[in-house]
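To start, the structure itself, in structure tokens.
Chains here go by letter, A, B, C, D and E, matching the order in which they are written, and residues are numbered from 1 within each.
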Amino acid sequence: MQVNDNKEFQPLIVAFCCNWCSYAGADLSGTNRLNYPTNVKIIRVPCSCRVNPMFILRAFQRGADGVILCGCHPGDCHYTSGNYFTRRRMTLLFSMLDFLGIERDRTRVEWVSAAEGAKFAATMNEFTEAVKKLGPNRRLEDLRCRKQ
Amino acid sequence: MLKISVEKIDELFKAIAEKQTLYIPTDREDGASEYKKYEDGMKLSGNLNTLRSAKDFFFPQTENLADFKMEGKKIEVIDIREEAEDFVVFGVRACDARSFTILDKVFLSDPVDSYYKNRRDHGTIVTMACTKPAETCFCQTFGIDPTEPEGDVACWSDGESIFFKANTEKGQAFVDSVSGLLEDGDTTKLDETKAKTKEIMGKLPLANLSTEAFGGDKLMEHFKSEKWAELSESCLGCGTCTFVCPTCQCYDIKDFNTGNGIKRFRCWDSCMYSDFTKMAHGNIRNSQLERFRQRFMHKLVYFPSNNNGEFGCVGCGRCMSKCPISMNIVKVMKALEVK
Amino acid sequence: MNNNLKEQVLRSSGVNVLKCMRCGKCSGTCPSYDEMEYHPHQFVYMVEKGDIETLMESKSIYKCLTCFACVERCPRGVEPAKVVEAVRLATIRKQGNNHLIPDAIPEMLDEDLPQQAIVTAFRKYTK
Amino acid sequence: MQEAMISKAKQLLADGTVTRVIGWKKGEFAYDITPAIFESSEEIDRDFVYDDFTSTNVSKYLVKESKKEGKILAFLKPCDTYSLNQLTKEHRVDRDNIYVVGIPSDGKLDIEKIKAKGITGITGVERDGETLKISTVYGDETMSVADVMSNKCISCKSKKHVTYDELIGEDGEVITSDRFDMVEKLENMTSEERYNFWRGELSKCIRCNACRNVCPACTCENCVFNNPDSGVENKAAADSFEENMFHIIRAFHVAGRCTDCGECSRVCPQNIPLHLLNRKFIKDINSLYGEYQAGADTTTKAPLNDYTTEDCEASIVHERGVE
Amino acid sequence: MQKIGVFVCHCGTNIAATVDVKAVAEALSHEAGVVISQEYQYMCSEAGQNLVKDAIKEHGLTGVVICSCSPRMHENTFRKAAAAAGLNPYLVEIANIREQCSWIHKDIATATEKAIILGKAAIAKVHLNTPLVAGESPVAKRALVIGGGIAGIQTALDIAEAGFEVDIVEKEATIGGKMAQIDKTFPTLDCAACILTPKMVEASQNEKITIHSYSEVSAVKGFIGNFTATIKKKRRFVDETKCTGCGACTEVCPMQKVPNAFNLGLNNRGAVYIPFAQAVPKVATIDANYCLKLRKGDVNEKVCGKCAAACTVGAINYHQQDEYIEQKYGAIVVATGFNPIKLDKYDEFAYNQCPDVVTSLELERLMNAAGPNGGTLLRPSDKTHPHKIVFVQCVGSRCDDSKGKPYCSKICCMYTAKHAMLIREKYPDTEVYVFYIDVRTPGKNFDEFYRRAVEQYNVHYIKGMVGKVTPKADGTIDVQASDLLSNEQLHIDADMVVLATAIEPDKTARPLATMLTTQMDTNDFFTEAHAKLRPVESATAGIFLSGACQGPKDIPETVAQASAAASKAIGLLVKDSITCNPCVAHSNELMCNGCSACEKVCPYGAITYQDKEFRTPYRTTVMRRVASVNPAVCQGCGACTVACPSGAMDLNGFSNSQIMAEVDAICK
């Protein structure tokens, strides 16, 4: 999270991307020079099902304002079933975060295939805007980690 | 004796709160009471005692000790200690008041714990005598008279008025600072109240609990007791008893990496935990039996052994009501005293 | 070459003339082609070169029917008609009657004036 | 009931079916019951108790006890049998080494609720049908049993024993309860109201770990919160984030495995309604992936270890309920 | 103590233009553990790699971070370089500052800031990397070729030639693809059928090649060397093993009003058909949408059945069902080809209004001896001889709006010249006009070919574009076009108009790409692993690209690429085993509860349980059920790591602590 008095709020977005589809999709949006904001920082994981809820909480703790998980489309998982588990896990986790009063637009799961460079860029643009609207993450941050 | 009418207690609180931070026990929605920073309109709790003890004000559950800043490959140590502000804790019961004698022995003996001392120096403890002890009370076992509490200032209520007596210099300064609101009063009714409370104390189920079988000289006979196995077998190894206890003082020191630096902090630890004092070689007490034994041996044997016979328990009864499986120091004492 | 005029035309038309690949489909499709001295594809090319004044002086700008056939059919989305329109506007502005102020309209109205004329005038003279 | 259980226990000990019995032991007062293991008839006669305050779920003790030499007799209330089944499914207990005697339960009492009525100095509690007579050093009191019934029993989900070797009394049925009402109430609040509600509750947490250590689903050899390598290890919440983190992860780790036995809320010294977190997961699982009761059997796949290709997308969270 | 080397690549200006690489190297040099931080023009070049190797040796590096292009591009390059210098290859991490930074951002300041953060995350991760040793996995000695056009046929022949089994899956009733529909080929003008059909026959007779015609790939699982594909053999209602291709059935079929797909609907065929005389396999197929019997729904009803009666070998089977075949493959070659685009959106060319406006592929059929008119060029509308023909180039190609395709379809200039030339040769009385934007003829003998059309055959090439085509009442067609060089607008009274229609990848390509987890570009062409250096491999290991599925190509190019793809596949198939991914899961037995959650989510059955004795305090032991992972079977998805509540299960290369370190570094 970076706040500058003169500038508009710039959210920090952590994107977990599966190696086979979404990370490749992100690469493709680069190859096609499709812009999305620098706010988005990508972490490569082998499969979306590798993403432990702890990683998502950790990101929020450390000052992320939004966390997005990208994986292969259902049915297309490189490992056949990983994203199906992801879908259940994240549905329940996000529902729980919502239940605890964490703004629901800070979390998202999106299926992006290796061919969808344009979708990747569009998704990141959209998500960054949505998080920007919410403002800084205050409900799930660790004050000790807040930047001075 | 100086007193204030019960009706005017809010005025007194307001007057104190104007000068320094005041904490009073107040009721929560769920019926339990806890200390809260006084704000206008806050009501003094009618409960016997707070869920968490007054220990928290002097030895909080977590506390920052130092910061480390890292610029590139350089590390800088930042002393974050600051002089504490004056504060008053009102309504401390006799048992909790005694807990400070025990905590002081740990934290104020050499080497002095500067964090604890800082708060002790700036905190004024105003106690309140008990009038309605519970079945779980056994302070008298440790020679505490709930009708004559210690603390910088002692208070009593006879139902109509609250009486004040300063026990220390700090206490006297406190009484002087609010003397404008106080008036001299007759203690006849108060003496009756005290007598009545003493009578009840005698009728409590634990009135006859004795420390006779315990103390620094009873080390081996208790350590080797076969009772520990049975006593500890249902212990869950949680830290409830430790964390509600006014005298438990163990802590762990840890570093937290914020990403921009390190915060070195301490937090309460519990000897009931499996990872308590875990070191490179592993745990020193590997079974729940040993850990369970440690906690009670410390209160009943080791502590008196190191502190002229002073026991590490004040009989507040919190562990008795909060233990998830209702195992507690009284059951331990009763089991061990049987030869 | 008049850079100011070129910029004005580019701005008011909103057209990126560099997208043109010189296929000539606009001119192939233009119903007024034979009426025009400069044809749609030439408009685009001449604007790119900055040769605006020649166009402004040509009658061709008034021959364009604004039928938008060239806009519809251009494979690159260049929109030649908008360029023609922009050059036309540049001419009108040059004459000094380039703006229509909304507040001034009530005075100009008369009962016989068709509604469409107001709308068209508004479209043309407010850019 | 207590007599029937004592004679059953003595009989099974005597005929060698079991070598030990897990049950409950009397305390100092009327209510401070401790789970205990009995090895002889004498011990049973002296201390065994089964009454309105024997609410502790003893299933978790069977993780260790079932691995010891000799069979153990466990008296299990209906809710406790769900926990045992779940532990059996996860290979945490040796079911063959446990002799389960199912016992009925018509609801346990909550001493905290009695004390919250301002009653103190309790020296005895006697139940007479639907009224409770409480003697104290300050005089006697009476109250309705329903008023001081334990929360976990008020929203009881089943009177049926899902596993047993023998039953004392009649078996009951799965019952419908209003256990999701409070979850629903919270769901219908605004995001901010929910946030304030949970902040108020979770900020009370003292991280005593009672909820975790009593939970029959939390039987890890080494909890992630104790493991310095896990990245989330901590002993106390130094920040509100850590209060949230502990409870989110704890609830997530038992999601689809929690039988809703209610022990977490019962033991919380700060009266945090932790069961609501677990019930939120249960409610979501039921509504999104079909009715599922953890511990109802020992074979079906847990919802989080399973999927269908038609599962809803995570965006359903964004689309339903109150923002 | 960690000694980490950081190497920042300029990638020419690909990175350096938007990211201040010097600032990145400088900023990262201050990170804990970093002992050397350098930048260089091309890290992937030999000199760049040597920089890394030398630094490893000189500084005794324990970890290497390369800030460069995507790890999908050069991770292996740098791992190999590290290994050559004696460092375990898995101690190398890549920070993707090209595809995910310099290429998507424009502002140098923020892009540089992001690149530094990405570098820090990689450093944080490499601190926790552990040396890993790769195991081996066997290679199934069989290749799957998807698509039976010239690309697929050539690839299959080459692979079979090398001695490996190949399966061709073709969705149509015959192999041959688009080339089978073409009349003559440029620039030599030899007959397409004459050079293609022998290859089709060769493929069908090669004992290593199995042709699954009228079939589709319905599922693909697995990974390089070890794919499992499910092939759906659609029911054709004819037993392939019995049918002799005699054609008796096609003659008796009473339903003769079926548009002939092979002739692009320019004439009709029967409901039971053999696509063309040289079809391979030469087997009849019944079109269930038209067959009088099958259309009814109940095949037992006594309707028609003439074909079955006419068949002397009893090959007709109205009860046939779809058949699914599962087969293991070591390599997969995609050769799904192309199609002309639909012209629905181009009203100006009147394609849907006037039968005499045809596409170039339709013209191929109209001119083909086996076509609807037996090789005589006649107008489809009135079967008269056209005397004036207008060709329109770039119809739908180079079109940046939603109607067409932004790319050049590459083959149109050449085939239009071919058409013009053939018509002028065969019918010298015909005037031929070609409207062009540019004539693109790079290729051996290509420009000479085009010049011959102009100079020798007097084809009128007009620089300009047709704006409007209007069919007139007298049967002629008014073509309104611009002639840019003479700066006039022309009106030509044509008898026929031929549209050089853009080509696009086959519609089946996208779902297939999804199944194969391969990349596609926005136009649905398969993306090669490297545009220059790995043009026939997809980014997904073990999957190769052949022909127009990768981009527009003419026949010689397609064949060249087909053989290249075959050689890549052969290179894989000759190996007995390939090195497997060492980034697999492993269970910490001391923490494992034996709860089976991991086993339940593992898609590969890589996790098993065993009872093991563990030491407990005071010289006691306890038996515990614990999980263990078979590293040869595990593919490293990590599903188990999240299912495991205790955190006993972790993943090599993507451990909990590594990912959290990255999160921390990014959120710093």
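Worth pointing out:
Just so we're on the same page, contacts are C-beta pairs under 8 Å (C-beta built on N, C-alpha and C of every residue); 3 or more make two chains touch, one makes a residue touch a chain.
Please read all numbers here as calculations on a predicted model, not as lab measurements.
Following the contact convention of this document, E is the list of chains adjacent to both chain B and chain C. Look at the CA centroids: the one farthest from the centroid of chain C belongs to B. Taking the mean of all protein Cα atoms as the centre, the chain whose own Cα mean lies nearest is A. In terms of their C-alpha centroids, the spacing between chain A and chain E amounts to 29 Å. Distance between chain C and chain E, defined via averaged C-alpha coordinates, is recorded as 45 Å. With centres defined as mean CA coordinates, chain E is found 57 Å away from chain D. Put simply, the C-alpha centre of chain A and that of chain C have 47 angstrom between them.
The set of chain D residues that touch two or more partner chains comprises 224, 230-231, 238, 304-306. Residues of chain E found to touch two or more other chains are 601, 643, 656, 660, 664, 667-668.
In chain A, the residues that touch at least two other chains are 53-54, 58, 62-63, 75, 81, 85, 89, 142, 144-145.
By the definition given earlier, chain contacts exist for A-B, A-D, A-E, B-D, B-E, C-E, D-E. Residues of chain D touching chain A in their complex: 183, 186-187, 191-199, 224, 230-232, 238-242, 244-245, 248-249, 251-252, 255, 277, 280-281, 284-285, 288-289, 303-309, 311-318, 321, 323.
Touching chain D in their complex are the following residues of chain B: 30-32, 46, 48, 51-52, 61-62, 132-136, 200, 203-206, 230, 233-234, 236-240, 242-244, 252, 254, 256, 263, 265, 267-270, 273-275, 320-322, 324-328, 330-331, 334. On the side of chain A, the complex with chain D involves touching residues 53-54, 57-58, 60-61, 74-75, 81, 84-85, 87-105, 107-109, 139-144. Taken in their complex, chain B has these residues touching chain E: 70, 72-73, 257, 259-260, 286-287.
Those residues of chain E lying in contact with chain C across their complex are 348, 394, 398-401, 403-404, 435, 437, 463-468, 480-484, 487, 489.
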